[in-house]
Structure formats: structure tokens, C-alpha cells
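Structure below; questions to follow.
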């Protein structure tokens, strides 16, 4: 039986689900709202975790940050799985095109050995740092509270895995598997990389999800991305004629530009809720960003030499300015 | 042209290895125990995380590409479904009872699985395992969201869906699925993998997503089929992960075998209890049926589960402890549970009904040795009460199982005429169970299960037995969301709308 | 068996009698009368006489069964915690040793209309 | 011997995949259910990239199968050229 259902105008019985009516009023809800608000269990949790009986299965008290309602931490991008995946698939198309452009025209081979070696020295060990961020954001997703906050952390975690994999592909393209091996050796023992590796390993034992968010997404990324991808790759390497490298790291620049808006929104909202939150966030941001600036300096020196201190100083200043705008004074 | 030395051509496996597990390193500033504090206490011994076999080798670029394609297809179909009043293609709106249970009990479980896998994606000690769990965490967010989005349009036209977020934590039958996930999440990482990776993904989702979704297609529900099959395409990866994880544990150390076996026993039984909901959905809630619950179980439980356990026999694994009892109960479980759902329908955010004569004849043909003998007489009596104007409602709330949280509807093994009564005294308190399987699970970890939040007792301890207050609290609108399908607003509207679509009136 | 846990693990039961405002739970089931899908939950004061419990909530709940009118509660076989039990109808539930969450069963060997064919 | 199986959505893209599986696994059995095709085979089943490419006339990445896959059973071994399902019994 075929029924022409299109011709019938039916009166809906309701606009949306009850919990969304309570939050946003009695009107049609967006897919972001439907897929994100109040979908995590909250009450009558059955058992205490055997891995830590002092916690509840979903527990707001495992961080120092206090929010009346964790669903205030809205993602300005309104990413839910669909919008997230489609956005990344589009970027992946561009990245793939960039990689094949560089590869098919042999642009990698045209790079001077000196520039290529700077690019590999600065970039390849960062795939390990990206894995650290993957782990840290996975942690925040796993133990953080409220889907609007935690789902974005899962997306961030997978993005960092993607970044680690793009860096690895860049290494394979410009220097084959040897580049990856050399990068890992540098990560493990070259003096320039040890402070950063120490920072990342210290993050792996932080178990306050919000502090970890600050240490990774605010402080470290907030300096690493501008310094490496804007100043070294887009600035220094491109001006020397190695813009092929910038083509291969375009994703990282676009990604940082996009994700920092989310990071800022999270911090701004949490800080605005109470003086307590603001003070805690300021302490964390101060502590971790001061250290991040220190650990980035020897890495920046691999490319920028004498100008490194000045460059790091400039980026620290703009980081502080960025933080000030969202209510964090350091 | 390219004057470089020709690059080594990397195969899928080597390339994947470089792009994932090579990202990790041996830490020097903190011990592995500090970084991975939860991987040891369960007693599972892992000597070499590198022996982990990656089942599928998706890098993020391929993941984004293929998942985006799945997403585009999915949302195109549910948009069209909504725009074209696709809900009027259903065979009958009573079918939506199954979808109401799905949204209230199963979709929140998908989300819980996502949180759980995010935790495992951080707690496991090897990059291969971490990445596999993280991808699953991401997929499970997808499943929860695509389900809510597919069902959202039904919520606009039909009752029983609107309060799913409240009923998830408060109404009685959702506690069955939620306790399953809470149980898994409160366990350590390896047990979680057996619970969700093995029991839920390998045993349960095939039964839930494959034959049931085929049934949804048969009943004109393209929205559900689409999310079901689309989700199951991810589950193929997840099932494989569950299987790899079991093999990995068993290969790492012979001491792991008894621990793994105990978890398999436990989670097989936990899974079977959750599946009784699926059995009732398949046998009673599909107006047009593709196959019976028993037939589905023969294919995906007995045949496929049997193949799995035969395969694992080389490690010393035996079929789960309750396997034979479960196989014997297949003839009964859907009937026993649906009879309960019908008589407690005043307390469910979905409708119940008396099976029609056609339904009962179909059930007789599918359950020739049990339905007519045990279950038809009860339904005939219920029909008689209905015809006499005294429809049967059981206002005695049900005794719940302390472990699985289902009403204790199941009968003694080998005697389908006698309810299975099991109880345990522990530290001066009495606890009740639906079966030996659930009692064993309790006795293995009593300090865990004494904490169970049992919704029926809670109605008295927390709300003083006030049914009206309870309905408000769980978001159930009396006379609208609950009770009989016959005469319900859902039935009246569906018939009216379908009439508008098929005639000129 | 102890729960395998990283730290000491002590559970807190949620259904202790203290939470029931002076009442207690008593479960009741009628053996081989499975029109009722599960044992009934009743929430009653421990001082209630056994007779009041039987003639009150229990009698009301079993009415839909065709055998209900033929039950003579003075003659049925009782079980408490699955053991044979002889209740004192004039004594309270507490005096009968019926504690919180007690399961009472009763058997009526000659009545089984809905399993007549079985 | 236990059956391995693979189930795919019924659509235009899976038609050649199913055909290729049947070419490479003459012992396999196809079952058609609403919206889904299930292929069972005793012991082992192999899905070959080359066979599919021969049928579709273009390069085919085996990972494209993920889009249409509903479920499978058996131990999985995935390489660039094939996907194999096996039960060791």
C-alpha cells in the first residue's frame, strides 16, 4: 500500500522533550540541544566505583570547580557528533588535497635540507605531545560532568589523535620512517624536548578534570599552537621558502583557531560563576602557563635561535591578553 | 621529477602501528602505576601491551571520512521521514511501545557506554587499546544522539517519549538497563570490557539491532531501521574489540583465565536479563513479525554465541555457567515479562495490550510446546475479565530482583508453573533474586549489590507510597502515557491521521 | 566474597527498614498462580495483625484470579523464607517473626484453574 | 564447523560486494531479510578487494565496507587486500 503522506498537515502534540522545555521554553529544540542536554544519568546511581569508592559514578566533586549546573558550559560551535564529524571530514578533504599536492609535485624534495631538518626537528616530536593531549582530553571526557562539556572533550581528544597522525604522515612524507624514529629519540632524550615531555607526563597524573583541561587546552595549547604553527611554520619556514610545510599543517592552524573559541567559552563561563572559581582558574592558569612558556622556549630555539625569547615573550603577552578578555588575570 | 629515494610502501598494519601505538613512550617522570592506577587491582596480569592486536585499523582521517558518509545518509533519511509524516507508514502505533522502551532504557545505556569507554580509553596501559576504546567512546555518543534524533519526531506526535530524561533515572523498568551499565562502570577496566565489549556488544547488540531492526523495517519504521543499522555498522568494530580484548587477556597470562571466566559467567547472565526486554519487544510489540525471539536467539545466541565459545575453548574458556538454564528459559522469558508489562501498564510510560487472537496463534506456532500450555490460558482469562468490564490491573507492585532489577517474573528452571524464589540474608538484611544466576552474582560481591537503588521500594521509602506524586516525579502523565493501547490518545490520533492520509475526508 | 576494589569497599544498603517511616515491606506470592506476574509488594506496619494483612491487602490483590473466591486462608499451606510456617492470625506481623522484606508464600494444592490444561 | 557471517545493508553499493563474496566463497549461503543481506559460511570467509574492484570497475578501499556493514561474526583479519573472518573450530 502506498500512502501519499506528504499531503497531510498534522498538528504536533508537543514541540520537544520535557527536559528541554524546562531549560529553553516550550519550542522546537535544536539537534544540538536534543543530543547534549541532560542525557547523562544523574540520580539514583546504583553502585560506588570499585576503583574509587569515595567517588560517585558521575561526580561533580572530583574537581575544585563548582558549578550549580554543569550544562552551562555550552560549546559555542554547538558540536554534536554529526556536526563535529562533518566539519572534520571537510577539513580532512582539504588536508588530503594538500598532502597530495605536496607529494605529487615533489615539493618536499624541493625543500632545502636545512629547512626540512628544522621542520622535522620541531614538528615530529610533537606527535607524542599530541598523544598526551589525546589522553588528557579523554580523561576530561571520561570523568568530567555533563555532556555539553564532556562530549567536546572527546572530540578534542580525537582531534589530537588526528593531529598526531597528520604530523606522522608529514614525517613519512618528508623523511620516511627514519624521521619518526629520530623524532621519538629526540622526544625521549634530546635536551630541548625534555621539559615539554616532563610537562606532558605531569599532566598524565593530574586527576582533577578541570585542572587538566586548563593545563592542556588552555595553557599548553595556548602557547604551543601559536608558537609552532603560526610563528615557526607559517612565519619563519614560509618566509624562507618552505611554504609546503605550512600546507601540511594547515589543519592545525584552522583547528586551533576554532577550538580556542570553545576553550575560552568554557573558562569564561566557569570563572564568571563565582569568585572561588575565578581564583582557582587563575591559579591553575598562572601555574601551568608559566611552565608552558618555559618548556616551549628550547623548542622554539630549534628554529628561531636568538629571536626565541622575544617571540615567546610576545606570545605570552598575547596569551595573557586573551585570558584577560575571558576574566582570567595572570 | 621526484629524485628522492623511493619511499617504502607501508602496509595497512605497519602504517597503523606507526600512526597509533608508536605515539606512546615509556614515561620517566612518573611510574606506569601512577599514570595507569586502575589496571592492576582486578588481578589481570598483562606482560606486554604491544601484543594487543588492533582489530580494525582506522586512522582518524578514514574515521572522519566514512563516519561522515554514514551521518549524511542517516540524517537525510530521518529528515525525509519527518517531512513526509513517515510515522504514518507504521503498521500500527502500538509498535511504538518498543521504541518508547528503546529511548527510555537503551539510548541512555549507549551514552553510559560512551562515558565508560572514554574512561577505559584513558586507563588502559597500551596505545592500541586506548585508541580502540576512544573510538568506541566517540561512536557511542553517536548512537545515543542518532537515536534521540530519530525518535524526536515520534515524540512530537505520540506520548510516552517526552520524559525520557526523567524516566531514565527514576522509573522502574529503566533501572534494569541502567543498573547493567552502572555495574559495568563501577567495575575495573578489564571487567568493563567483558561487560560491555563482550556481553553487551557481542551477545546483546546483535540481538537488539539485527533481528529487531529487521522487524522495524517490516513494520514501516524507517527512522529506527536507519539508526539501528547505522549504529550496528559501528558495532561490528566494537564486537571485534570485545573479542580481541578477551583473547588478549587470556593470552597474556594463564592466571587470567579464572577471572575472565567468572566475568563471562556474570555478564552473560546480566545480558540475558536485559535481553528479556528485547524478547518481549520482538514477540509482542511488532505488529508484523519477522522472526520470533526464540528464532533470533537460535541464530545470534545459540549459533553465534556457541561458535564464539568453541573458539575460546582453546584458552580453557567454557560456555557461561547459566548457558543451559538460559537456553531452557528462551521458551518462556518473553511471555513472562510481557504478561508483567501488561498488568503493570498503569506504571509504564508506554502502552500495554492483550494480544489479539492472531497474535496468540502466531505465538502458538512459534512456541508450540509452551505458549498454549502455559500462557494462552492466562490471556484468555484476562480477555474474559476485560469483556466483563473488570479489566485486569495488578496494583500490587512487584518484587524486584536485587541484582538485575527486573520484577521477579521468572520461573524455576524446569518448572514454568512456579515462580523462582531466591533470597539471601546478608548482615541482617534480606535480599531477593529472580534466579540462581542473579543470586550468585550478589553473593560474589554483596557489598556492591546491597547498594542497588530499587525503584519499587523507593516509591514507599522516598515518596510515602503516593502514586500521584510518583507519576509526577517520573514524568508519567496518567491516562495519557500509560495504560491500555486500545482507546489511547496514540491509537485515536494514529487512526485519525492515517484516515486523513488515505481518504479525502 | 569481598568486592575486588582499589580501596576498602563498604556498601550502604538503601532499603533498610529505617527508611520506611515506621512501616516495612512484606512480599506475598501465591504458588502456581501466575496470572500475577511477580510476587506482590506490600508496605505495612509491623504491628498489623496477620489476619488484617491477609484479609486486607492480600485478599484484595488476588481477586482477579478465578480461584480467589475459593481460597480458605485458614487452610492454606504457608511458607516464610521458603520454609513451612504456621502463622498466628491474631498476632502481629512482628510477633509472627515476619521481618522487613520477608517473602510469604502460600499454596493451595487443589486450586489451579489457569493451569487446568497443564 | 561454526559459521562465520557478515551482514550488509541492502543497497546498490553492497550488490557488488555481495557478488564478490559469493565468487570468492562458493561455500557461503546468502539470506535476504528486510533491508539486510546476511551471508553465512562454515569456518571462514574472505572478502577480496580485487574481486570487488573487478565488479565495480574502480579502485575500492575495503574500509568503505564500514559504511554498509551491519554486523559480522568471527575473528577478523584486515589487510590492504582482504578481510578474513575465521572461527578456529
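When the chains are written out, they are named A, B, C and D in that same order, and each has its own residue count from 1.
The criterion applied here is as follows: a residue touches a chain if its C-beta (ideal position, glycine included) is under 8 Å from a C-beta of that chain, and two chains touch if they have at least 3 such contacts.
The structure displayed is predicted, hence computed values, not measured ones.
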item: Pair sharing more residue contacts (C-beta pairs) when A-C is set against A-B; value: A-B
item: Between subunit C and subunit A, distance of the C-alpha-averaged centres to the nearest whole Å; value: 58
item: Euclidean distance of C-alpha centroids - subunit B vs subunit C, Å; value: 31
item: Separation of mean Cα positions, subunit D and subunit B [Å, integer]; value: 26
item: Contacts with two or more other chains, residues of subunit A listed in rising order; value: 47-48, 50-51
item: Residues of subunit C whose C-beta touches two or more other chains; value: 3-6, 9-11
item: Subunit B, residues touching no fewer than two other chains; value: 37-38, 41, 69, 188, 448-449, 451-453, 458
item: Interchain contacts (touch definition) - all pairs; value: A-B, A-C, B-C, B-D
item: Partner subunit C, residues of subunit A touching it in the complex; value: 47-48, 50-54
item: Subunit B to subunit C touching residues, read off their complex; value: 37-38, 41-43, 188, 336-337, 339-340, 343-344, 372-374, 377-378, 381-382, 385, 390, 392, 394-399, 407-409, 411, 417-419, 421, 423, 427, 429-432, 443-454, 456-458, 460-462, 464-465
item: Partner subunit A, residues of subunit B touching it in the complex; value: 1-5, 7-8, 10, 18-20, 22-25, 27-30, 34-35, 37-38, 41, 59-61, 63-65, 67-69, 71-72, 75, 83-86, 88-89, 107-108, 111-112, 114-115, 118-119, 121-122, 127, 130-131, 134-135, 137-138, 141-142, 144-146, 148-149, 152, 155-159, 161-166, 168-170, 175, 178-179, 182-183, 185-188, 448-449, 451-453, 455, 458, 475, 493, 497-498, 500-502
item: Complex contact set, residues of subunit B against subunit D; value: 11-13, 55-58, 62, 66, 69-70, 73, 206, 209-210, 213-215, 217-218, 225, 229, 232-233, 235-237, 239-240, 243, 290, 303-304, 306-308, 310-311, 313-314
item: Subunit C residues within the subunit B interface of the complex; value: 1-6, 9-16, 19-21, 23, 25, 27-29, 31-32, 34-43, 57, 61, 64, 66, 81-82, 99-103, 105, 113-118
